[in-house]
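Next up: the structures, one after another.
Both of the next two complexes hold chain A, though its partner changes from chain B to chain C.
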Partner chain A sequence: MIGYYISLAMRSLRGTPILSALMVAAIAVGVGASMTTLTLNYMMSRNALADKDDVLFAVQLDNWDPHKAFHNPSEMPWQLTYKDAIDLLRSDIPSHQVAMHRWGGPIALEGSELRPYTVEARVTSRDFFALFDIPFIHGGTWPHAADNNSAYQIVLSQRTNEKLFGGENSVGRTVNFNGAPFTVVGVIEDWQPSPKVHDLNNGDFLESAEVFLPFGLHRALEIYPWGNTNGWKSEDINSYEDQLGSEYVWIQYWAQLDTPEQMERYRDYLTGFIRERKAQGRFPRPLKFGLSNPSEWLALNEVVDGDDRMLSWLSLAFLLVCLVNAVALLLAKFLRKAPEAGVRRALGASGRSIFSQHLVESGCIGFAGGLIGILMTLVGLALIRQLAMGHMDTVASMNWLMMLSAIGLAILSSLLAGLYPAWRISRTNPSIYLKTQ
Partner chain B sequence: MLELRPILSALWRHKISALLIAVQLGLTLAIVGNASVVIQERMERIARPTGVAVTDIVTAKFMPVAKDYDRLRAFRRDLDMIRQLPGVAAATVSRVPLTGGGSRTGLHTKPNREVGATSSAQFWGDEQLVDALDMKLVAGRDFTASDITETSFSSGWRPSKAIVTQQLAGELFAGGEALGKAVYLGDEDNPIEIVGIVERNLGPWPNAPDAGNAVFYPAIMDTQWFDYVVRAEPGQRDAVAKLLEEKLAEHDPQRVVTVKTLQEQLDRYYAGDNTMIKVLSSVAGLLTFIVALGIVGLTVFWITQRQKQIGVRRALGATRSAISRYFLLENLLIAVTGILIGVAAAQIFNYFLASEFDQPALPLSTTLSCALILLGVSLTATLVPALRAANISPATATRSV
Partner chain C sequence: MLKMQSIRKSYRTDTIETHALRDFSLAVDEGEFVSVTGPSGSGKTTFLNIAGLLETPTSGQYLLDDEDVGNLNDRDRSRMRNEKIGFIFQGFNLIPDLSLFDNIDVPLRYRGLKGRERKKRIEKALEQVGLSARAKHLPAQLSGGQQQRVAIARALAGEPRFLLADEPTGNLDSLMARQVMELLEFINEWGTTIVMVTHDPDLARRAHRNIQIVDGQVADLQHGAASATAEIA
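For the complex of A and B:
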């Protein structure tokens, strides 16, 4: 029966090309606009670390101005001081833990044709790769000692290895980074979570680091981070050592706590950690720390911001207008075809079959609208990528799931729109039309 | 104009279709009204004067490839070279304003205070800083070569002189004279004398609540965050950018040089606001278009349905204009109903947006101007079918009865 209804629908659509085109256009535009913003929101609210949501925690300590809480929803600084990070690393409670920050500099290869270029770097303790489950293609991470003493070792991303060494196993080779020779100890598979859940202080959707350096290099290289450094009191900084010993916060910290007991112990440990420092006259605010798993961390950092959410509400309202529009047009179209329905009724078709016939027709309009809607979404996303000037490249793209949802949304909305007009026409009294024919 | 009664009774027979059009218009008004306040707010934000010659400035960053690079020496040598280049009006080395990256501090008007600081952006530069950014000095004096110190952030150096923006001066010394007064950093007692006041500078973060508060210190800092800020003579920017890239690489090949225009960096900073403006305007435009299509579609349908009645009216002596007027009036009734729904819906939407997303309040005047535009669109959309209806010949009435 469905096949027959579809062929009837096709014939009917061909019969009123302008009205049909208007409806398809209305649904396509509505679907295009809402899918553009819904895709953005969907891509922005992804969590690359969802499978480790139970065990990974971003660590915050409330070491801030006694007179004024840190200005964010958690009322705690996003990052830690260097000295606290170093002390936390000594704990043996977490299965893995990472102290890190963003950095960067020019990279070059001795005796190579390649011109030196600037790369994004991450200065981190060795557990980074284990904690975030990043597989190595060659080699591995640096030894424990490199987290405390300067060791000129470097881990490259696959892309960097491709660029510098043509993709061959480069473990043991030397690269020049920021003027110093580094030995390659490992090459990792490319890891580009988007949003960049491990580092939400430096552009949520920008690219991740291309090289990784041990945390023990700070003193040797006098590293100042490429990221936010926040302070709350004026301090005499007369040397790099003063910078490391200051109350400035600039280190991001993650811990992996696999069991509830570990969690319990770590909470006790952090409480003791802050008490100890309070006794030394630091941590002037009430005792407070934060352990947020990746999804909480994404929410806390407002990765999907007010503008994005507002746009998705707006586009749903847009779709609603398109729907109302489709209802009005469908009603007009069906009523115009009422004589045909009258004849079918007179020939014995039930009210229900007239109803389904017209619902199928609405569905066909929806399907066509959905296909064109996908095209419009792709155009919309391309425009947004261009307007956002690189901020959105990783999120403004459509996958199969979103394409199917677009078709689904279009069919669903056109069926909804078709309900009343189809019901209306199915209640036609055939006698009126038989009389005038 | 006495046709209201027949129109109303005819509309009553099509109440669902008529209501659908009215609801469409109402929702459109609610969306377009709210979109236009947001658009207006963002456009005003972007159009604010920056206090800086955005269109003439080129910035250059370098990163040395060699270790233990003498950055201060490179700054001196490069600046000497840059200032000689043709088309360059002024040049300094500083952090670049309006880019979304910078440094912020808290200033006090009394020494040794812990609370109540005024938040402000801070910049460092040499005697050409004010000139290179093309800021207007409104009081006091500019820095001179003898004011400038070469130092670094880890040296413990504290400034003794500063230039501030008018806005910061006003916030620090409410109403009073700021020139010659001292300000203090954090809980320190080192006085920093305000020697000059510039008209305006939006600082590193133009969208921050403290944007416009900026303090400038006479120093060149040994830091990788300092870029050359070069102001070109009007119309010379692109030539200077090209020259700068060439000459800096030539001057010292052991570094990676990146040259950008300030305009490009400011555009990038405002990219989010700009996206909102463009997306909201297209939404408003498309919606209006869709509604217009809907109105055309429905009016055409009604007219086809009523062909016979129109013919009868014409045969009974109604003029062409009376027929067109009938449909226009009918549409006006629907549109006014829709707009009444829309004005209420717009306020409800706005209440939601303001409480949920901190959007600006929707003034009635904006709603009304959007309503007028929609009314116009609605009538225009009816006009073509209504004029066509007037052409229906009276003969139609007699033919098929």
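For the complex of A and C:
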């Protein structure tokens, strides 16, 4: 009977085009508004590293002001000092570990007509690619030695390789980055986690790096990071060595701990690490460190904050208002057709049949509302992208799941809106209309 | 076929209780053509609605094919209505935005018949009322008499054993009324039991017997010329 009910619904909608359009519009506007905010929240709260939640951990060390905790929920700085990161890299407990920060500069190809352009870079230890499971298209990462010594080697993203070398295998070729020649050792597949779980200090939703450079280049290139650097004490910084030896925090650190035993050992190691530095007069606060998996890291960084959640609730409240309107319109439409329902009852339709028929009609209205709601959501997201000027490009977009959710939300909403009107008409005494029609 | 025993039907508002039927008893045999007459407000339509399972009596017993319908739930009542009862109304009650074909299709859909069987029955019913060529037309494109013939075809397509007609000629001119009446007589000759409410004494006389309802009770019983087998219980 469902096919019959759908054909009746189509006929009914065509029969009252203005009323039907109003109902579809009410659902579409409600769905469009709510799906815009829900999509943003969903995309913002996605964890691109969810499959490694059990083994990846962002490392925090509480080396902060003894009189005032760091201003975040964990009360520990998000990043580490350079010297602590270098020392931590010496541990052989994690399966993989990464010290890194954001950088950037102009990139060019010798003898190419392509004009130099600025790219986002990531200065990182070699395990970056293994730790985050980033596959190589060509070549691989640099050798271990490059994490401590200056090796002018570079890994390109697929997009950069496409732009510079037309997608050819560029391993062994030379590119000019920030005025120095670098040998390409690898090309990775495009990797754009959004939000950037691995670096939430520098724009949660900005694009990931286009080129990757060895961590051992700091002294050779005197690299100052792009992005946040925090400090808590007054220090005389007169040279690059002063910068590297300072208490400034600017290095992000991740460790891969595959087993509970590794985790236990690493905790002991960090405890000893801090005690050792306390003995040297550093780490003035009570001993504290943090190991947060990607999900915890996203929550700790409040990528989706209270305002975002409030906006979602408000948009759902708006959807509710739209649904109340839809209920009124459906009631008017269905009760107008009560005589027809009476005839159907006389011809053998049960109350349940009449209820189902009208509920299916509500569902069809919801489906149409959902389709238009998706278009409205896409428009809403496009507006947000435009207003955010590139900062929300990766999150202000709909995937298939969200599109299906929009349809689902619209149909569910319309079914809810149709419940009462359909029930009302199914309970109508048919004999009233049979005599008067 | 139909047996009502001490049926009472009353409608209640906050302040007033109206008795539409009181101690109403009637039996109709298989194959009968019974006309029901009476003044306006006497309870004719209430009787027809209860007989057609559209309303339930306040008290009393109603047996249809020896089954006590008072015990049936809405679903079973609807199924029985669909399978055993056909309706013809004064106002035709065709669904205006459905073609004649689709109008006749309505009861067959609720019976769950396959598409081919439905089509066969619809074409046969349209042929019986002489409207085969108008299957795709909308009701509004037909005259009143033609619309009533479509309503009869819709009732016939379900092959009911019991046809309830509520003033079937009330909206028709005399020529059309005669045609419709002849059609009902023809249907009755083929074995369908018919109960027809009418204000027209000439039409009432053409039935096998006439029941008169006054103030919600059977007032008189007149046997017609043919097989008068019914009796007041």
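Going forward, the second predicted complex is superposed on the first by the 436 of 437 C-alpha atoms of A that agree within 3 Å, B and C clash if a C-alpha of one lies under 4 Å from a C-alpha of the other, contacts with A are read in each partner's own complex, and residues count from 1 in each chain.
What we mean here is this: a contact is a pair of C-beta atoms (placed from the backbone, for glycine too) under 8 Å apart; a residue touches a chain by one contact, two chains touch by 3 or more.
Keep in mind that this is a model prediction, so the values were computed, not measured.
Contact with neither chain B nor chain C is seen for A:58 once the two complexes are overlaid on the shared chain. In the overlay built on the shared chain, the residue A:171 is in contact with neither chain B nor chain C. When the shared chain is aligned, chain C comes close enough to touch A:343, but chain B does not. In the superposition on chain A, A:217 contacts neither chain B nor chain C.
Of the two partner chains placed around the shared chain by superposition, neither chain B nor chain C is touched by A:35.
Judged by the touch definition given at the top, the superposed model places A:15 against chain C, while chain B stays out of reach. Once the two complexes are laid over each other on the shared chain, residue contacts for A:387 go to chain B alone; chain C is not touched. In the superposition on chain A, A:24 makes contact with neither chain B nor chain C. In the superposed three-chain model, the partner touching more residues of chain A is B, compared with the other of chain B and chain C.
When the two structures are aligned on the shared chain, A:311 is found in touch with chain B, with no touch to chain C. Under the contact criterion defined above, no residue of chain A touches both chain B in one complex and chain C in the other. In the complex of the two chains, the chain A residues touching chain B come out as 18-19, 22, 25-26, 29-30, 33, 37, 67-68, 105-106, 108, 116-118, 176, 178-180, 224, 233-234, 236-240, 242-243, 306-307, 309-311, 314-315, 317-318, 320-322, 324-325, 327-329, 331-333, 335-336, 383-384, 387-391, 420.
Residues of chain B that touch chain A in their complex: 16-17, 20-21, 23-24, 27-28, 30-31, 34-35, 38, 63-69, 114-115, 153-156, 185-188, 223-224, 255-256, 258, 267-268, 271-272, 274-276, 278-280, 283, 286-287, 290-291, 293-294, 296-298, 301-302, 304-305, 349, 353, 356-359. Every residue of chain A that touches chain C in the complex is listed here, in rising order: 1, 4, 11-12, 15, 339-340, 342-353, 429-431, 434-437.
Against chain A, the residues of chain C that register as touching in their complex are 45, 49, 52, 54-55, 74-75, 78-79, 81-83, 87, 89-91, 93-95, 97-98, 106-107, 109-112, 154, 158, 166.
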